[in-house]
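In the two complexes that follow, chain A is the common piece, with chain B as its partner first and chain C second.
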Partner chain A sequence: MKRNSRLKINYFILEVIAIIAAAIFIYPVFLMFINSFKTFREVIIDVIALPQQLNIDNYFYVIDKMNYPRLFVNNILITAVGITGIVAFSSLAAYIIDRSRSRFTSLAFLFIITPMLIPFQTFMITLLKVMNIINLSGSRVGLGIQYWGFGIPMATFIYFNFMKTVPKEIDESAFIDGATTFQTFIYVIFPILKPVTATVIVLDVMWIWNDFLLPLLMVNDSQKTKTLVLAAYNFVGQYNTQWHYAMTAMVLAIVPSLIFFVLLQKYIVKGVVAGSLKG
Partner chain B sequence: MLFKDKKEKYLFTLPAIIMVSITIYLPFLISSYYSLTEWNGIDREAKFIGLENFKTIFLESGQFFDVLIFTGKYTALFMIFSNLFALLIALVLVQKLKTAKLLRGIFFVPYIMSMIIVGFIWKFIFSQGFARLYEITEFGLLNLSWLGNSDLAFYSVVLVGVWQQLGFYIVLYIAGLQAIPGDLLEAATVDGANIFQKFFKITLPLLGPSITVCMFMSLTRGLKVFDIILALTQGGPGGSTYSATLDIYREAFQYNNYGLGSAKAIIFFIIVLILTQIVLKISRRNEVEL
Partner chain C sequence: MRKMVVLLVAVMMLVGTFNVLAQTAEIDIFISMPEYADPINELIDTYQEEVNNEVEINYETTQSDYPTLLKVKLNSGDIPDLFASTSGKEIELYKEYSYDLSGEPMMDTMLPSVKKAMADADGNGVYGFAIKGNYFGLIYNKDLFAQAGIEKFPETISEMETAIEKLEAEGIRPFTSGFSEWWVFKHLFQHFLVAAEDDVQALVRDFENGEASFSDYPVLEENFFHFVDLVVEHGDNKILESSLNTEISQFATGQAAMIIGQGPWVEDSLIQIDPELNIGFTGYPVSEDPAESQVISGADQAVRVSSDSEDLEAVLDFVNWWYTSDYGKSWFTDVAGVVPPINAEIPNDYYQIIQEGIKAAEEKGSAPLAIIYSTDSFHSAFGEAMQSYVGGNATKAETIETIETKWQEIDGSN
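The block that comes next holds the complex of A and B.
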């Protein structure tokens, strides 16, 4: 009995320490939020104090200045184009690589997944040149298409590891019913791959939505094609002394990810774990 | 054999092969060539100069060497602190705490934010937040020039890097800890093992695969650090926080030395390749099978 209550106290102390640690940990994010509601004067006088009133003028100003709705649409478009291609081409490739084992497919597999080891920065200089030539730079759809190439290696790897566990009898019965290979893939295999597809989507949405360097290289020239993070970067650079506006821009840039996370926390954490342990 | 129709294996892998070739292999090959040239990005033709760029990098200027040292130091500290703190926090968060779920969520929040924004938040904290906190607490550490002094700026960059990524490693370690069979730890308790013995003799060895993954991930991510530094210090003060990737970026896109930049990129690639192979070998050897 005594031991039990001592254990309880220990847990209580541990819990208090953990809560304090988490509070300190997240404090910078909290500061960003509260300062986005302050006036310039308030920020200068005291960055730590809570805002005197919930002032959303900053938001109106920044949303208008950044052209936020447009950026939002850009991000959605780029991410959607990217994800669609990555999911379609990776699952298709992983399917045939697993089912039709031959010299060619094992070479193809190696060819497709090896780029996971090549850091983006080692070829970004000439990537821009190549993309200029084939007209994929400077456009939102073009940028989305580029993500296919960068996302396919890891996605194919994850799909392939799962494909190995899907029994071959499933395809065979579809073939006996007269389905072609492609039909079998679309109607039978792809639905089975749903949990992996969820993992791939979660990982790639987080990556593409927040990506910075590739958009900086490809779509930074025109206001019309910028992504959210890129616009926030430019905005903060421009307003680097007006912290109240800078903070608002930053909040606006991360709020979509925050909502995405709060709504889908379970899947995101699962996806991150699955993606890393298999990737 | 299932697939009598041979054309599908070509057809279905083709989109993936083409996309990977265009976006990765082709630029990589061209980069390798440009590393042997002098090219400012504007002239039509790059001038072939053999190994001249590599000579410049290795013999004539120690600048890239300093950059690599910085990147190495950053990566080492980033790996140590990310893994140490993540494991520690994961150990706490797998206990039966009422708020465990909420706390896990909180520690994960920085990871879902763009690194550029994270860099800016901390720039604000270091410049404005610390100054105000110092006025209130008079805690001396807060009054230092965390971004203005080159030694301190290094630690600031490490701190922010670890802060942003910590949640990711926590999640992986929690998954690893939850996979350890509870009866194994109970048996040890019955046999009279204390909490430290249990940790070092059972938990840690069985956590091998998680540690391998986390070490590998933190290594590659540490080596590639870019966004956070760009937002936080832009390589300053006095060029003391230039990472390899930021330096390659500057060489090519700010100084327009595309040839030299490509040469640096190739050197960086080889270093990354060697280091990742070494870390993989070491950690694989230390893993324990259940």
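The block that comes next holds the complex of A and C.
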């Protein structure tokens, strides 16, 4: 009885700490949200005050100004191309690397995952140069394809760790039924990987959707290819920033990815746990 | 499988040819200052409608990371036809990529002060043009000064001290400073720098080479620091937390009578908060000589024409049209709402700060823009040094020493 109540107190303290931590993390987002309903005057005079009235004029202005529907489509296209490639290539790679273990595959694995350690800024110039030559810069599909290169290392790593826990007997029974390697992967293995796929998709959607520097480098040239986050930054000027519009634009830019995250986050936990239990 | 590969290669080659075939002139613009995106888009549309609908103009803008991005583009060979830098010292930095505009028709309308800001280190050539001119000075609230019974704005430091007393007697806080922004310090400091020596470019060069020091110039060693002390003593409560936004809100709501380190660019924000605001604009009192209290005018930004542009003719046609056509000339005031960098009429109901700036320059002359002769790398170090001084972490002597060393280290040739 005594021990039980002590445990309860401990849990209570932990919960309080968790709530405080959550509040600290959510506060800037909260500020962004409330300031998107204020006028410029209200933002400047008191940034932490609640809006005097729920004013949605900012939203109408910003949606029209940044050409929201068009940029939304751009974001969807870039993210979809990126995610499709990352999932397809990494899951296949992880499958083959795990199933046909040899010196060559472990070397290949090493080559695939080491780029995670290389900072983006170090090869930024070369990247732009190469992308200009092969015509992948200034295009939405081109940018999506570039994300394959940036996303595959991490995704392969996650897939590989999970793949180790999938028994080889499953492949063997598929082979006995006459499936080819590719068929085995598509019809048997890939469905088993679903929780990991969900994890990879959620993590990468959050990253690609909200990315700034790479799109700035590649697709900032024209309204036709721009992303939402880039357009939001156009309210930030040399000296002056139109804070009320910038905040509104940021809300509009990140909310889709937040909704996506909330809807899929239960899979993320599953995927991480599934991968980590048996190493 | 092989069929697919062949198909893929064929498609890629087709795309390649298609790109080669599209041979219309193309102008790629990549400049900072997104706050002028709307006016510039309007300018481009007008050009395409009225002058040349064959040319394709891609306009790209960003403020954050602009210098990094520009360097990446230049280094990867993806050089924009029009790009931006600051004027003055930075002209030299991108000179090899920039076309010398001195033989172009746009020289007829460009103001001499703008041309000077676009010259290289030896004072030759015009390696850029300006989207806007600018004024720098002290912004004050005319109504609050009238309320305190101050009829003439203080032109000397001792007059300023009297004015501060009168304002405080009325319960008005004299200053709001924006001292958390590093660039506020450079805007303020240049007024003292131009008072120190007539040829300010040479003076800056002396500082860079270690041949000049603050102790040679009482206006820098004494007056500048004295003025900063006055602002600290009679300014915002949390002085190092005061930003541009603080300045705008304090000034526009009538809680402070003067703004430090700002110019025409804040007027839109001020008027959004209080449309009735009665704004005055003049030079800083820098000494006991009223004649030295001048506004500063000039162009602090430069737009450069790439000398390697594939469609150089088309680019030059466009920028010349910008500076010499009727629409282009009126664009600066009617569309962009900036200080025109050309000889142009200012409408009577124009921005108060710009009108006051012009008036002050006509009455007392204007001083040259000194900040353009140093890089922003130095200026941010300068701002940090001044922030430690303002925060009480460094003495005046230490601050001066830091500034003098940084000037040599960052901007000096060694």
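The criterion applied here is as follows: the second predicted complex is superposed on the first by the 214 of 279 C-alpha atoms of A that agree within 3 Å, B and C clash if a C-alpha of one lies under 4 Å from a C-alpha of the other, contacts with A are read in each partner's own complex, and residues count from 1 in each chain.
FYI, contacts are C-beta pairs under 8 Å (C-beta built on N, C-alpha and C of every residue); 3 or more make two chains touch, one makes a residue touch a chain.
Quick caveat: nothing in here was measured; it's all calculated off a predicted structure.
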* Residues of chain A touched, compared between chain B and chain C (which is higher) -> B
* Tell me which partner A:D221 touches in the superposition: chain B (first), chain C (second), both or neither. => second
* Touching A:V236, do we find chain B (first), chain C (second), both, or neither? -> both
* Would you check which partner chain A:K129 touches, where first means chain B only, second means chain C only, and both and neither mean what they say? => both
* Regarding the shared-chain residue A:P153, is it in contact with chain B (first), chain C (second), both, or neither? -> first
* To do: Tell me which partner A:L213 touches in the superposition: chain B (first), chain C (second), both or neither.
  => both
* To do: Classify the contacts of A:T165 with the two partner chains as first (chain B alone), second (chain C alone), both, or neither.
  => neither
* Taking the superposition as given, does A:R41 touch the first partner, chain B, the second, chain C, both, or neither? -> second
* Asked: Of the two partner chains, chain B (first) and chain C (second), which one does A:N4 touch, if any: first, second, both, or neither?
  -> neither
* **chain A positions touched by chain B in one structure and by chain C in the second** => 47, 124-126, 129, 213, 217, 233, 236, 243
* chain A touches which residues of chain B in the complex? -> 2-3, 5, 8-10, 12-13, 15-17, 19-20, 22-28, 30-31, 34, 89, 92-93, 95-99, 103-110, 112-117, 120-122, 124-125, 128-129, 132-133, 136, 163, 166, 168, 171-172, 175, 209, 213, 217, 220, 223-224, 226-227, 231, 244-245, 248-249, 252-253, 258, 261-262, 265-266, 268-269, 272-273, 276
* **In the complex with chain B, residue positions of chain A that touch it** => 11, 14-15, 17-19, 21-22, 25-26, 28-29, 31-32, 35, 43, 46-48, 85, 88-90, 92-93, 95-97, 99-100, 102, 104-105, 108, 111-112, 115, 117-127, 129-130, 134, 145-146, 148-150, 152-153, 156, 168, 171-172, 175, 181-182, 185, 206, 210, 212-213, 217, 229, 232-233, 236, 243, 246-247, 250, 253-254, 257-258, 260-261, 265, 268-269, 272-273, 276-277
* Structure fact -> Residue set of chain C touching chain A in the complex reads 15-16, 19, 28, 32-35, 37, 58, 60-65, 69, 72-73, 75-78, 244-245, 248-249, 252-253, 262, 265-266, 268-269, 272-273, 301
* **List of chain A residues in touch with chain C within their complex** => 40-41, 44-45, 47, 124-126, 128-129, 132, 135, 137, 213, 216-217, 220-222, 230, 233-240, 243
